[in-house]
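Okay, got some structures for you below.
Heads up, the next two complexes both have subunit A, just with different partners, subunit B and then subunit C.
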Partner chain A sequence: MLAYSLKKLVQLFITTLGVVTLVFFTLRLIPGDAASAMAGDSLSGEALERLREQMGLTKPYLVQYLTYLKGLASLDFGETITTGLSVFGLMKSALPITLIIAISTIVFTVLVSIPLGTLAAFMAHKGHKGLDNAITGTAMVLDLMPGFWTGLVFLLFFSLKLRWFPASGDVNIADPASFLQRIALPVLVLSVTQIATMARITRTAVLEVLGEDYIRTARSLGWSELRVLFRHALKNAALPIVTVVGLSFGSLLNGTVIVEFIFNIPGIGSLLVNGINSRDYQMVQNLIIFYALIFVSINFITDLVYRKLDPRVKF
Partner chain B sequence: MAGSLSLGRSAPVTLRRANEGPMRPTSPAPPPATQVRKPPVHRTGWRAILANRKTQIALMILVPILVLAALLPWLPLQAPLQTNLRAMMKPPSLTFPFGTDRMGRDVLSRTLEGVKVSLFVGFSVAFISLVFGVVLGTVSGFFGKWVDRAIMTVVDIFLAFPSLLLAIGLVSIVGTGLIPVIMAISLADIPRFVRLQRSLVLSLRTRAYIDAARTVKAPQWWLLTRHVVPNTIAPLLVAASIAAANAILVEASLSFLGLGIMPPEPSLGNLIRDGQTYLEQAWWISTLPGVVILAIAISLHFLSDGIREVLDPRSRK
Partner chain C sequence: MTYAKPIADTVLDVRDLHTQFFTETGVVKAVNGVSFTLGRGERMAIVGESGSGKSAMAMSLISLLAHPGKLVSGEVWLDGQDLAAMSEKELNGIRGSRVGTIFQDPMSSLDPVMKVSDQMVPPIERHLKLGAKAARDLAIGWLDKVGIPDAARRIDAYPFEMSGGMRQRVMIAMALSCNPRLVIADEPTTALDVTIQAQIVELLRRLTAETGTAMLFITHDLGLVSRFAQKVAVMYAGRIVEIGPTATVFRRPKHPYTQSLLRTIPRAGETEKRERLLQIPGFPPDMKVPPQGCAFRERCPGAHDLCAVETPQQTVRGPDHNAACFLPNGLDDVAEPAAEAPAERPVPVTTDWRALPRQDVLEINNLSKHFVGETLLPWVKPPTVRAVNGVSLRVRRGETLGIVGESGCGKSTIARMLLGLDEPTGGEIFIQGTGQMVFQDPYSSFNPKMKVFDIIAEPLVVQRVGTKDERARRVRALIEQVGLEQSYLDRFPNQLSGGQRQRVAVARALALNPSVVVADEPTSALDVSVRAQIINLLCDLKADLGVSFVFISHDLSTVRYVSDWIAVMYLGEVVEYGPAEEVFADPAHPYTRALLDAVPVLDPEAEAEREIRVISGELPSPLNLPKGCAFASRCPKVTDLCRQEKPVLVQRRERRTEACHHAG
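Now for the complex of A and B:
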C-alpha cells in the first residue's frame, strides 16, 4: 500500500508540474503579453515597456518560469494585475466559501441519492418496474438540466416567488445563520445534478449485487429485506459508488463556478470569472492551476480509498 | 430485410431470424409480461438504429426542433433581431409563443436562432474530437512504446482539469466567439476520445483476426484502416453523441457566464443570461430557452442509448 501510494504521489507530482508548465507557456503563447493586455490602449510604447520590465516580462522565458515555480512553491502567487492585491490573500478568503458549498453538496447528495438508488434497484429487482422507471427517468432528466438553468429556475421559484431564501446580500462565514441561508439554495442546485448521477450509479451497482449468491444466502438466513439491502448489498456495491463520488468532484467544481455567478457568492469561481472579464491573467493562471490541483488530489484520494476498500486489488 | 448497412462486425443472425419469423406477424392472445421483451434478433446498421425505440424517441424530439430552426425565416414569427417597442416583455401568447424580451424581440425566434448555433457547436465539437481522438488514440494504442507514453502524458495533463474549467481557461486565451468556443470545447474533449480509442485499440490488437491478417503480411495501414479503426466506430459513435450533448451544455454555460458567444450573435446561453436581470418580471425569457436546451440534451442521450443498444446487444436489459 505504501509503495503504491508513493508511486501515485510521484505521478501526482508529475501531472501537477505538467499542468503548471502547460498553463505558464500557453499564456505566453497568446499574441500580445500580459502587460499589453492589461494596459489596453491606454499606455504609450515607452510606458508599456516600463510596465513590462516591472512585471519581469523582459527576462527570458526560462527565468520567468523558474521564478514562477519558486513563487508557487512558497505559496506566493503574485499580485493581481488590475487591483494589485495579493492573489493568495484573495484565494484564502474565497476558498472556504467554495469548499463549504462543495462539501455540503457532497454530504447532502450522498444522504439522498444512496437510499434513493438502492430503493430503485430493489424495486427493479423485485420486478416493480413502475417506481424504478420513475426514479431512473427523473434522474436522467435532472442530470441533463443545464446547471445555470436549474439555478435560475430555483432562484425564480424559491427566492423570488416563495421568498424562502434571500437572493442577494452579504456572504459572511462569521455569521453562520445568514451564511447558511445564503448558501442553501446554491447547494440545493448543485445537488440536483449530483443526486441524479449518484442515484443512477447506486442503482446499477446495487442491482448487480442483488443477483449474487450471497444475497440469496442472506435472505435464506431469514434476515429482513432492509438488512439484506443495506448491510449486505449496499456494502458490496460501495466500490463503484466511491469512485463516482470522487469523479463527480470535477463536475461539482464546474458547478460551483456557475452557482457562484448566479447567486452572487464571492467564492473562487467568482474570482475566476471576474479575473477573465478584467483580463487578469495572473489571477486566471493561478486559479486554473489551483482547480486542477484540487481535482487531481481528489482523484488521488479516491484511488487510495478504492484500493483500501477492495482487498482484491493487488499492489 | 436483411441487407442493411453493417457497422463493424455483424453477427451471424440469419438462422435465428428465420426461426423467429412466423411468430412476428400476429400475436394471438394479449401478450403476458414476459412476451413484451424484444425478439432475440440482433441487427446492426442504420436501418436497425432507426428501428430502435430510443432512437425514435430521440428523433421525435430532435427532428421537429431542427425543422423549425431550419424553416425559421419562413415561419410567421418576428425576425430574431427585430425589436418591437409596442410589445416589450409580453408573456407567452399566440403571436409570441415564448413571449418577448425587454426590447420586444421574439424569444421563440431568438431561441430557434440559438438552436442553430448550439447544434452547430455540438456537432462540430463531436466531429473534431472524434477525428483527433481516432488518429491520436489509434497511434497511441497501436504503436505503443514512447509514442504512447508521450501522447498519454499530455492527455493526463489535460484530464487534470475539470472540463468546464479547462474550456473557461482556454476561452480566456483564444477569446470569445463561435469559432474560439468550438476550438476550446474540442480541445477539452479530445483527450477523452484519445483515451477511449486507445483502450479500444489495445483490446483489439491481440484479437485473432488481427494476427491472421499479420500472418499473411498485411501492411500496417491495411491493418489499421481495414481491421482496427472500423471496429472502434460503434463505441465512438455512442461517445460522440454524448459529447455533442455535452458540448451544447458547455457552450451554453460559457455564453451564460459571458465567456462564450457574445450578443448580438444569439446563443441559448446568452439568451438566458439576457433574461437573468428580468427574472422576476419576465420569467419566460430565461426559462423557456432552457427547456429547449434540455430537450436537445435528452434527445442526444436517447440517441446514444439507441445506437449502443443496436450495436452492443449486451447493453439491453
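Now for the complex of A and C:
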C-alpha cells in the first residue's frame, strides 16, 4: 500500500510537471501574445513593445519558464495578465459552480444509466430482445450526438420554447433555488451523452457476468433473480463500470467548457474560454494545469476504488 | 415407459423428462424422456459423452437451465412435490435447501469478489431460519467437516486465496449446509488432480452416507463411477439407454453403447497393453434433427432393420437392470464382434527407422526454470517460483516418455522449454532433429480463420520447405497419415469435432518430420470414445515413423498405455523414473504409490475391496521449498531423516531410479 502510493505520487508529480512544461511552451507557439490581445488596435509599435516589456514578455522563454515554476512551487498563481486580478481569486469563485455541475452530472448519470443498463442486460440474458434493443438503440443514437448540438437543441426547446428553465441570468450559489434552476439544463445536456455511454457499458459488463458460473451457483442456492442481479452480477460488473466512470470524467470536463459557454455560466470553463480569447497566458496556464491535476487525481481515485472493489488486485 | 413404483424410501422420482434448447438455428432436443428414481442415501452416476444431455437433464431437475434452455414436459417428484410444476419463487425455496448443487469448475463457480462467508452464510440464514451468528457457526462447522484447515479464519478468505481443491470443498460445504435431501454434482472432480479427486470423492461418499442425502453424480469418468456410485445410468442422445446397479452394468453391460464405452478405456491392470484400443466409430447424432429409430444405430455393429424404424424402449434385463436395445445381450449377440474392426490399423506408412541406431534423440541435463517475481521496493527480495529444479531425462528414437504429476509439478514448464517457448534458467537440452508440440485444447490452438490445409501447411511455409506443389503434396500425405480424408483440407476448424481437430494438430506437428513430438495433455479435452482414437493414432505413428513422444498427462491409465518410460514429477523434480510397466506394477516412491492409489479402477467390486490410502494435503507452494524431501509433508512413511536431508535419485534396481530414503 505504502509502496504503491509512493509510486503513484511520483508518477503524479512527473505527469504534472510534463503538463506544466507542455502548456507553457505551446501557448507561446501560438501567434499573437497577451500584450497585443490586451492592446487591441489602440497601441502600436513602440508603445506595444513597452507594454510587452512591462508584462515580462520580452525576457527569454527559459527565464519566463523558470520564474513561472518558482511561482508555482510557492503556490503563487500570479495575476491575470490582462486584468491584473488574482488568478486564485477568480478560480475560487468559478470552481464551485463547475464542480457542482460536474458532480451532479455524474450522480444523475450513475443513478439512471446503471439500472437501465442492468435491465437491458437482464432482458438480453433472458432472451427478451425487444426492451434490450430499445434501450441499446436509443443509447446508441444519443451517444452519437455531439454535446454542443444537444446543448443548443435543449436550449431552444426547454428554455426558449417551453420556458421551463432560464437561459441566462445571474448564477449565485448563495441562492440555491435559482441556482439549481440555472444549472439544471446544463446538467441534463451533459448527462444525456454520459448516460448513453454508461448504460451501454453497463449492459455489456452485466451481460457478460450473467453468463459466469458463479451466477449459476448463486441461483442454485435459491437466490431470487433480483438478488442475483444486484448482489452478484452488478458487483462483479462494477469493475469495468468504475473504470469507465473515471475515464468519462475527462470528457465531462470537456463538456463543461462547452456547456458553460452555451448557457453563459461563469464557471472554470468560461474562465478558460475567456482566457484563451484574450491570450492570457497566466490564466490559461494555471487553468490547464488545474484541469490536468483534477484528471490525474480522478484516475488515482478510480484506481483506489477499483482495488477496493476487487480483492484480487494487490497494491 | 415402465415406472418403478415409488417406494417409501424414494427421494427423487423423475418421470418422462423432456428438455429442449430453442436456439436461433433450431430446436435442440437435449433430453428426450428420462425417467428414474433415487432412494435415500443412494448415489447414482449419470455417464455419457459430451452432448448426451446429462448436464441438461440434471439442471432441468431444479429448472436451472439458462436461456434458451427450457424444461418442456415431465415430472420431478421430490418428497411428494413436483418441482417441474413449481413457480420460480417456490423453486427458490427448494434450491440450496432441499437440493444442493455442486458444479464442475471450482475456479469459476464461486463469486470472485465476495468472501466465502458472504456467499455461504446468508443462504443458511434464509433456508434454516437461523440468526447471523448461528448460521456462521454452522458454516464454520461444515467447512471444518469438509477438511478446510483453520475454518474459523478461512471462512473470511476470498475464493482466489484458496486452491482449486479447497474451493471445491467450499462448494461441497455450501451444497450440504442446509441438509439437502438431494445433491446434484455436475462433474465435481473433473477439473481436479487425481489425488485431490480421490480426496473429494471420499469426502462426498462419507458425508452422503452420514446424512442420508441422495446424490446424482454426473461424470464421464467410468473409473470414478465404479468407485463411487451404487447405481449408474448411461445416457445417449438425451435418453437413458441403460440403467442398473453399477456392479451389474459394469460386469454384464447389455446395451451396445455401454459395452463399447467400457472397452474403449485402457485398463490399468492389463499386461497385453500393446493391443489396440477399441474405438467407437462415428459421432453422436445432431440433436437438432434426432434420427428416427435408435439414435446409436449408425455407430452400432449390431444394428439391424428394426433399429432404423423403431426406438427401442427400456426392458428389464435383471434385478433393477434395464436397457433399451432390441438385442437381449447387446453386442454379445452379434456373432463376430464387428466392433473390433474399426480398431484395426489403417495401412501403415512406415519408414525404415528401425535400421537407424537406437540413440537418444532427446537429452535433458540438470534442467531448471525459476520464475522471479517483481517487487516495487528494491530492498525486498523478489519471490521466486522454482518450477523445475534440476531434471535430467532421456528419450530414445521411437520411444515414448510419459511425464506424470499433479498440476504445479513442472511438467508443462518442461514441455515449454523443450520447444523453446521458455528459456531455461539452467541446464541443457539436446534434440536430434526438431521438436513439435500437440496442445491440450484443440479448440483454441488453431486460428479459426484458417482452413485445415493452411493450418497443416503453416510450419512448412514458415520454414520455407519445398515449392508450393511439394507442400500441397506433403499436406495431403499428412492428413491421410492421421486418418482423415483429403476433403477435410477445405474445412475450417469450427467444422471439425474435437477428435478431428486433435488429428489436425498431430498432422501439423508432423509436418516438419520432427524427431520428438511433445504432447501436453492431448486427450484430456476429448470424450472417451474419441480419446481411444487419438491414443491409437499416436501409437501407430510411433511404430510407423519412429517418432519419439514426450507424453504429458494427469490421466495415469492413458500414460501407462502409451508410454515406454515414465518419469514421476513432484514439485519440479523427478522422484521416480523407470520402464512404464514396471513403475506402474511396482511403484517404489511413496508418491507414485499414492498417485496410483488415487486412480479408480473400472471394476466396482475390486474398488470396493481396495483399501484406498488417499494422501492428505495438497502440493506445497513452490515459493519456499522445504529443506528436506519435498514430499515429506504428505508422505505416509516420513521420518526425521526425510525432513533433514533431501533424497537424491538413486538406482537400486536395473533401469529403475527413485528419490526416496525409504524405497527398496
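One rule holds for everything that comes next: the second predicted complex is superposed on the first by the 281 of 315 C-alpha atoms of A that agree within 3 Å, B and C clash if a C-alpha of one lies under 4 Å from a C-alpha of the other, contacts with A are read in each partner's own complex, and residues count from 1 in each chain.
Rule of thumb we're sticking to: a residue touches a chain if its C-beta (ideal position, glycine included) is under 8 Å from a C-beta of that chain, and two chains touch if they have at least 3 such contacts.
Everything numeric in this text was worked out from a predicted model, so none of it was measured.
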Quick one: subunit B or subunit C, who's touching more of subunit A?
B
Partner chain in contact with A:Thr217 - subunit B first, subunit C second, else both or neither
second
By the touch definition at the top of the document, which applies to A:Asn236: first (subunit B), second (subunit C), both, or neither?
second
Considering only the touch criterion stated at the top, classify A:Pro146 as touching first (subunit B), second (subunit C), both, or neither.
first
Thinking of the overlay built on chain A, is A:Glu225 touched by subunit B (first), by subunit C (second), by both, or by neither?
second
I'd like to know which partner A:Phe295 touches here: subunit B for first, subunit C for second, both or neither.
first
Subunit A residues where the subunit B and subunit C footprints coincide none
What residues of subunit B sit close enough to touch subunit A in their complex?
153-154, 156-157, 160-166, 168-169, 171-173, 245, 249, 252-253, 256-259, 269, 272, 276, 279-280, 283, 286-287, 290, 293-294, 297-298, 301
Subunit A - residues contacting subunit B, complex:
14-16, 18-19, 22-23, 26-27, 29-30, 140-141, 144-149, 152-153, 155-156, 160, 250-251, 253-254, 257-258, 261-262, 272-273, 276-277, 281, 284, 288, 291-292, 295-296
The answer for subunit C against subunit A in the complex is residues 62, 64, 66-68, 88-89, 91-97, 100-101, 103, 105, 108-114, 119, 123, 126-127, 158, 160, 171, 174, 376-377
Going by the contact rule at the top, pick out the subunit A residues touching subunit C in the complex.
3-4, 7, 125-127, 211-214, 216-225, 232, 235-236, 239, 309-312
